[in-house]
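In the two assemblies presented below, subunit A is common to both, partnered first by subunit B and then by subunit C.
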Partner chain A sequence: MSSTANSPLAPLLAGEPEVVTVGASVLDEALEGQAVRRKPVQWRPPMQGTESALAAVLADPRRGAANEVAVGRLLGAHPVLVDVRPAADLLPAGTFLHAGPPITWERASGPMRGALIGAVLFEGLADDPEGAERLLRSGGVTLDSCHHHGVVGPMAGVVSPSMWMFQVRDAEYGGTAYCSLNEGLGKVLRYGAYGPEVIERLRWMSAVLGPVLRDALGRHGPVDVRSIIAQALQMGDELHNRNRAATSLLARELGPSIAESPHGPEVLRFIGANDHFFLNIGMAAGKVSTDAARNVPGSTLVVAMSRNGTDFGIQVSGTGDRWFTGPAGVPDGLYLGAFGPDDANPDIGDSTITETAGLGGFAMGAAPAIVRFVGGEVSDALAATESMYEITLAEHPAYQIPILGFRGTPTGIDVTLVARTGLLPVVNTGIAGRLAGTGQVGAGLVTPPSEAFTEALRALAAHTL
Partner chain B sequence: MSSTANSPLAPLLAGEPEVVTVGASVLDEALEGQAVRRKPVQWRPPMQGTESALAAVLADPRRGAANEVAVGRLLGAHPVLVDVRPAADLLPAGTFLHAGPPITWERASGPMRGALIGAVLFEGLADDPEGAERLLRSGGVTLDSCHHHGVVGPMAGVVSPSMWMFQVRDAEYGGTAYCSLNEGLGKVLRYGAYGPEVIERLRWMSAVLGPVLRDALGRHGPVDVRSIIAQALQMGDELHNRNRAATSLLARELGPSIAESPHGPEVLRFIGANDHFFLNIGMAAGKVSTDAARNVPGSTLVVAMSRNGTDFGIQVSGTGDRWFTGPAGVPDGLYLGAFGPDDANPDIGDSTITETAGLGGFAMGAAPAIVRFVGGEVSDALAATESMYEITLAEHPAYQIPILGFRGTPTGIDVTLVARTGLLPVVNTGIAGRLAGTGQVGAGLVTPPSEAFTEALRALAAHTL
Partner chain C sequence: MNTVQLRRGAYHDSVTLMRISQGLTALPGVEVALVAMATELNLGLARDLGLDIPAQATPADLLVAVRALDADALAAAMAELDERLARTPAAADGPGMRTAPRTTRSALRSGEATMVLVSVPGSHAFAEAMDAIEAGRSVMIFSDNVPVEQEILLKDRAAERGVLVMGPDCGTALVGGVGFGFANVVRPGPVGLVAASGTGAQQLSCLLDLAGVGVSGIIGTGGRDTGDAVGGRSTLRALAMLDDDPATELIALVSKPPSPRVERALRAAGERLRTPVVHAICGRTDLTSAAAEILTALGRTVPVWPCWTAPQTPRAGTLHGLFAGGTLCEEARLIAQGCGLGDSVFVDFGDDALTRGRAHPMIDPGLRLERIAAAAADPACAVVLLDVVLGHAADPDPAAALVPVLRRATQPAVVSLIGTRGDPQNLEAQAAALHAAGAAVFTSNAEAARHAAGLILGDR
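Presenting the complex of A and B:
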């Protein structure tokens, strides 16, 4: 006793012991049952096979400062809706854009093919779906990723020259990003449907919706998208699968200027009928914000997550425009009507830019009512957000969650934190039917393939100083 | 030992003891510190001097069934906005309405006097505030409670013949209720301001806003107010001091029909600039719902809570149109600009009809962001809702709070539960300046005077079978 009393470890034994429990919860629960004071620490083994790459990247002396710069730019970006323009202003002649990493017609999934067929019909480049398919198969249209042109598109994300796009500027760092206009739910091009009602709606959107929105915006002046997103998070949206508040706030803000057009009532009716109308503006806001964080040497920040219906790809600040991909998973969620998991296409769309920017699945804690759309319990929505703090670099200063005491949303996915914890980003998404022409079949949650992150980590390791 | 082993109390001593702690939390906290299993039960002494009346009312054999009928009607009411009409259609000639229980000019507070002066000027019955005051002091205008005419009005709640009102019908039980149109925040009549800009705005509201809304509603058809309230609760409103979602949803729903009017843009701009625009519709919805529960003999359900800036009054289903009053308190909250508690008038307005119908302070758990407006922490908002379950008869089937697992809002205040627990309803309200002409000075929380409930209890006791 006297020897331990003089030891520096003596205080450890002087009082009641407190136990630090790490990782598995069995020990923690057993101690709780015995009323022992304890401090649980979450810990998971790192992703398999990443140890040496992880060590190299963690040792990169640039990493801390580089991530601070990159995530600082992501948090500081101030997206503003400035214009609505025809895609022809931006697209190279003969090029159609699509969601996700680059893909060929041969590897394209059903909904991606369906949307491309629809866009060919909409552009009048073929008379029927068979003709459209022949044209696409023969390479008569050049395909490229939206992301390569400062564009994002939900689901199939197909953009052809006659479509109109929202133009969002970053008032802080000067970047520009675009997103198509939202068609509504059900049988729509972005979910791979291409029937006559789909094409007719696209024609009306180009002839009426786009020009009326452009003129209204011209009369109104730029719309502060950062402010609408911040408000919508306090109104139960997470800005990916729930955009009811943001859409209502936008309709309220632009409504008076839209009403000045002779087409005002029909345009307001179209917007009002679609709770997802704001999604595309939020996506362009996410794109312009994450783009501000690109190309910081040594940064391990994820600046894009995106799916083409076949591959899930990510891009990282420190590795330029390189894609790291793995197979897209099938979301787990709720299905519409008689549809079920067998009808689901693998994950598709650029809308994961919302999660990349700290919204969507990462902000589900702000949107407990979303569980009625994607499944699960209210506690799951809170748990999703809580867990994302473990793999992100910051909390967003403007995008806050009231129920968490106005804590900022978890923002800025760090490849090293994903690898170290084995926790994958939570994505909250629509589900497309796997057959071309079907449309939406449900909504749910999905995670990216871990390969995308392990590949990115190896590439980062190869570029360390 | 052997004698206790055979006793029926033996199991009590066989295992580890579990303690039931009642009321004061000191014992519970002490036991928690010793890791003793315990079951805390909330208990408070009943309101002083109510014991015999409480016993009589609790023993009334009609009570259970009567309350079931009354609260069932409150929960089942289905408010629908059907028209917008001039108050002259409804008001007896020479009568102005005001909020709260009946009051005379002599006992009226500053903001009530200010609003009455403004209404006289607006009606052209006097040329200046002094003339208006003379007219009112001399009884040249008959004053009566809004509630006596199926009307509710926020704050001073003054309604004069040239003002327009929302008409809300109960699609389930057929009742009708009215509420004035919301003027916006700051220097407005309902907060007791009566300057030229206030009167000019009222003129525009009667000449343009009312008629445009009536025509738009005619083209659109009735608006389902129950549905908007249900959605707004899932979007962070509590429908008394936070109506941002409900206002946005209304603007989105009626926007296309309003846009068909040549005055569409200016009307949409007026609505869009005022987060509280929906409040008055929600109040008429509350009035029509609580009115459905009136006049059930033996029922102890509160069917109105209302303040005139001097008195706080309640009405109870089982006691007809009788008011039970006590002095109105001064709300505790956050003040605008340089205003402080010394500038505050006692509690005023019919807007407590929202709390009477299970919204407002009772639904604050749905609206954590409200604490930025009325003060306190997010946990206070949740605690306010949780505590109101103790004094209410039901949970609303349509008005749900997602973060509480979609639990219905606490609805239907029971006088006996208030008396038994000593817990007073939580009211979430705007604060008017106490000097006539000032306008709004803040927003906060307040409780009714307990006298209103003890008086009501005695009256119920006098009418027991």
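Presenting the complex of A and C:
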């Protein structure tokens, strides 16, 4: 028995080869002329200026194992809804949280400013919007990124102490993440509206919705969020722009326990009237799953994508808490009523945590009902999901897409694959009005800025062994 | 009448684009068409044609520049261009199309592929080759201009994974009966080749085939493998691999002269093998002598190598050797030098420096044809010596482009024709066409070089 008989080299000389070809088509054709089975790669040059950083990162001996560990944790995380609590339990005194990478009042966009004004009014720290703005301008409130506190928030993502939050635990790795309660659509704080009806709703959510949900959850026990997401994907949700099935599944599960409260009917009516009620739970689940994959030295896995209405930022497992940012783009989509692209604010919100976790735009193929947001056909939704397999490290074992033969959703964005293919993550999103106080104006798709990924790649290259 | 366009993000490989450019230029009423990625080199070519190039061009853009006699010809050329571009696979990723794999990693995720063939530009080859190795597949890297430290890293990583890296700059391999890159149609047989030299392996395998002896495989290693830096990493593994191969009765190691340290290591490794090894090192021997040594070792007779000679008049002057194959070029140069023709001119058009930003001369003969025509017009040039390499991936009819140039030449032309009777181009037909154009044609490169030198020496 020869020494290489069982090595991968042995069949090379004897067996009939099957060949992946990448590059000049003349060489592929020469194989075709010999009736060899081939699989040609549709290769393109990588993003400009990334050659040397790519070579350095791809040569890092830690990369393969590090990515295996990181994406393994992302896939293995098991989010469970365990509690509903006031944000005051968590927030440092005098601090409000916001979506996206850190931002100052000066650089904040209209909807971010509107949401912060609304939160100041809601907390009773000012009597009117002008007073709230003065307080914020003078630095009377400390602003910090939600992500820095294990929190995510949709759109403006503003969290102030009196708001209540869902608490999701990772039953596998033990992490905890939080997300605010969803207000519904239209004129809402997260889209930058701060009129009296907005503040009034926030008060009711803190006084009634939060405590009723907490008590219902206490009676019912923890809710398996991973299981709801897996089921909802098979019922037409992609868990970012469509949460109708997940919201219904949650209502069915918690409904009886909610009904035991004297406020049960109004809480159930509120949940029933809001197709997106589940979104915030799904976001906390995304956050707790991606957090499990953080801080693996040498890993090129994206663990957060997030926007503050001005910047689009990402964080990568191998580079700790550092943000890599580029300008947030204006989404391309459908507008409500008379609103149009001129009314749109640049992309905003932490909800891209869903795409980071392999849902949202990455699971578009599961949600043909919402392809009109892309202005396209069902085949576009399938193509969007299929293209994301090119930039992700794995397929989710629990989150599956029926029409793709129950293939797992593309999960775990790899910075090197983004740079190599030039394919940017497909992100589904709501669109906020540009002016403070407007609210939602539409929904659609947005393209992240490529420089966030190329900057992250360069930082990874600087930290290679 | 000109048109110059930049098409953003429309990538096509250079060979495909070169074929399109040639096709458009051949249309009636079109003076010149350049369809190419907007690299510095291609922008320079367009400027040389007197075309105004938009300042914002980047290498990711497709440059389309056409000069035609009139608007109709221009419109026809543009229509032809769109039709030809639509035929290439890059157009297949429209809405709703199944996504073709965009990386080697993705292509290897499903399916039973046993090998990867990488021929992207050298600065991008590392990523694709690394994908192959990480997925446990052997890889042939046809690309040249790959940094040597990347080559070493890939070969070390491949050794850890138990797979083989052939290349970079590996032009020829024959694995599992399939020719990769430039390879000839040779019969299966007992000789296994380890080749740090692609055209060297082609010459040797063709001569063996002409003598009725086949090969079990050609394991290319890339020209730098036997240098000090790479230290024979792939050559040593290929020797062991062929030693274990039951079909291989004799191993031939084809290389330009290795570094002394590596040559000692290779000879020592060769002595430890159960299979006899013939060292065909350019400079120590010539490939024709090596073929004879192999045939003798196998107990076969050495034939008279086919050639098509004609009476050619000796004349004084310089020998111009214009080659597509590096080892063939070096072998001929050393033979000319050995004959006392130290003042000869030898150019290897397959050299890295001459292929940066363009395809290999065996695919794109343009640059070499220009230089052959220039040599023919040079009164100091006494004899033109050329190689013509047949086989897979090579020009489907190399004689067609050479014949008009050779017919115009006043000095004798000598052709080293590397091929077999099984090659798609048909050895006999190519030889006949070149011979009819006045060239003396040899299937042995060494004999071609000696004949060319003799024409000059005969006049001294």
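Just so we're on the same page, the second predicted complex is superposed on the first by the 422 of 465 C-alpha atoms of A that agree within 3 Å, B and C clash if a C-alpha of one lies under 4 Å from a C-alpha of the other, contacts with A are read in each partner's own complex, and residues count from 1 in each chain.
Keep in mind that, in the parts below, a contact is a pair of C-beta atoms (placed from the backbone, for glycine too) under 8 Å apart; a residue touches a chain by one contact, two chains touch by 3 or more.
Predicted model, so just to flag it, every value in this text is computed and none were measured.
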Once chain A of both complexes is superposed, is A:Ala251 in touch with subunit B (first), subunit C (second), both, or neither? first
By residue count, is subunit A touched more by subunit B or by subunit C? C
According to the stated criteria, A:Tyr389 is in contact with first (subunit B), second (subunit C), both, or neither; which is it? second
May I ask you to decide whether A:Thr356 touches subunit B, subunit C, both, or neither, giving the answer as first, second, both or neither? neither
Between subunit B (first) and subunit C (second), which does A:Arg269 come into contact with in this model arrangement: first, second, both, or neither? first
Does the superposition put A:Gly64 against subunit B (first), subunit C (second), both, or neither? second
Could you say whether A:Leu423 touches subunit B, subunit C, both of them, or neither, answering first, second, both or neither? second
May I ask you to decide whether A:Glu377 touches subunit B, subunit C, both, or neither, giving the answer as first, second, both or neither? both
Using the touch definition from the top, say if A:Gln234 reaches subunit B (first), subunit C (second), both or neither. first
Under the stated touch criterion, which partner chain does A:Leu54 make contact with: subunit B (first), subunit C (second), both, or neither? second
Which parts of subunit A are touched by subunit B and by subunit C alike? 377
Which residues of subunit A touch subunit C in the complex? 2-5, 7-31, 33-34, 36, 39-46, 48, 51, 54-55, 58-59, 64, 376-377, 379-380, 382-383, 386-387, 389-390, 416-417, 420-423
Under the stated contact criterion, what part of subunit B meets subunit A in this complex? 35, 231, 234-237, 244-245, 247-249, 251-253, 255-260, 264-266, 268-269, 271-272, 368-369, 377-378, 402-403, 405-406
Subunit A touches which residues of subunit C in the complex? 9, 11, 13-16, 58-60, 88-90, 92-93, 95-109, 111-121, 123-124, 126-128, 130, 132, 134, 136-138, 142-143, 147, 150, 153, 161-164, 175-181, 216-217, 237, 240-242, 244-245, 247, 359, 363, 392-393, 424
